[in-house]
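The structure is given below, and queries will be raised subsequently.
We call the chains A, B, C and D, going by the order they appear; numbering starts again at 1 in every chain.
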Amino acid sequence: MDVLYFAWVRERIGVPKEVVETQAKTVTDLVEELRGREERYAAAFADLSALRVAVDQELTEFDASLEGAREVAFFPPMTGG
Amino acid sequence: MDVLYFAWVRERIGVPKEVVETQAKTVTDLVEELRGREERYAAAFADLSALRVAVDQELTEFDASLEGAREVAFFPPMTGG
Amino acid sequence: MKIAVQSEPFDLGAEASAFASGHRDMGAIVTFTGVVRDLARGDLDRMVIEHYPGMTLKALEKIANEARDRWSLGDVLVIHRYGDLAPGEMIMMVATASPHRKDAFEAAEFLMDYLKSRAPFWKKEITSDGADWVAAKDEDEDALNRW
Amino acid sequence: MKIAVQSEPFDLGAEASAFASGHRDMGAIVTFTGVVRDLARGDLDRMVIEHYPGMTLKALEKIANEARDRWSLGDVLVIHRYGDLAPGEMIMMVATASPHRKDAFEAAEFLMDYLKSRAPFWKKEITSDGADWVAAKDEDEDALNRW
């Protein structure tokens, strides 16, 4: 599964994109896996209320299913306009 | 005093502007004088709720004083924009 | 601040560009442009806009200054035409520049609501069947109550 | 309907003119343009806008289509830039065309509120002191509740 990071999440984790092999059933499960990997992930995912997530390029919630998902993206609240 | 008419008020009265010699103290007094003149005035001023008035180029009410006024204008509700 | 009352067409693009340029502190620019709509039957020949020359500019300035008093605005533009206009021609435009988008939007809506009912313009629609003065709408008068 | 995501500058005047032309049935055209504001200290070097290429256009189309579902709109325009922008440069614009001014205004405000918080853009301000990601404001999230 492709995992993408944007803005300060990208900077904290250090890469814009990586391929993650996972059996995670939900976004929260995936976050737990990543947190357990390395300190930089734990730091980036410390406060989920400061993060947003998109699955297959659609905004969703952290309890969303990852079944069939090809791309997950994590980023801070958007500041367009 | 210059009296001006716009839009359908102008068309009904037949002139855009005329000089009126009057001792009218308020707009309502002036309207009464004009109504008494000729049928076209009576027709134009039949329903004051359908008219607006400006004294010296400021929108005002029909009970406004004409003391010192040089120009009075009668017209329908505005439809700009 | 630019307030213009004119019979000539104006160039929305040129006006919008000139208005927006050179405001380092204004994050939000709103424009509203009014266009002559054809009638439902599609037979509008032209619209004639009459105005009250001695009063029009003063009334527009008063409305624009009121907007500047109420909202944080760096600049205001009002252009309103009179005379004969064909369907599709631009009648008027307003523009507002503010540090904040809410102010820019609200001030532009305020300007429009007041232009509709408090600036001395009257519209007449000319078709092959004759000419009709456009009636003021109650909803336009009601719109003023929100400010 | 035109939706564009681009690093290049856009020409507000040309876009507004093109958008407004040729709508005989649209009496009301509203545009909103966002401009890079300098910081209060006047030391903004540039703003960098990051986006999510795979998602951005889809998100903007979704927002624009939602506006078309909710209001009577003849046309919608959205342009949003990414990359490096200097103070005073235009970041983005939206435009709406409707038979009625209320629809044109409301739809433009709706587009802006959703662009702010639901389109995948992130702004970073660069000064000689360093770089800061712009924080989302609670009021921008709250603004969505009115729709």
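In this section, a contact is a pair of C-beta atoms (placed from the backbone, for glycine too) under 8 Å apart; a residue touches a chain by one contact, two chains touch by 3 or more.
Note that this is a predicted model, so its numbers are computed, not measured.
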Chains contacting each of chain B and chain C, listed by label: none
Most widely separated chain from chain D, with each centre as the mean of CA atoms: B
Centre-of-Cα separation between chain B and chain A, whole angstrom: 71
Inter-chain centre distance, chain A versus chain C - centres from mean C-alpha coordinates, in Å: 48
Centroid distance [mean C-alpha coordinates] between chain D and chain A, Å: 26
Touching two or more other chains - residues of chain C: 34, 101, 112
Residues within chain A bordering two or more other chains: 81
Each pair of chains that touches, named by its two labels: A-D, B-C, C-D
Complex contact set, residues of chain D against chain A: 34, 49-52, 54-55, 58-59, 80, 91-92, 112, 115-124, 133-136, 141
For the chain D and chain C complex, residues of the former touching the latter: 11-17, 20, 22-38, 87-88, 90, 99, 101, 104-105, 108-109, 112
Chain A to chain D touching residues, read off their complex: 4, 6-8, 10, 54, 57-59, 71, 73, 75-81
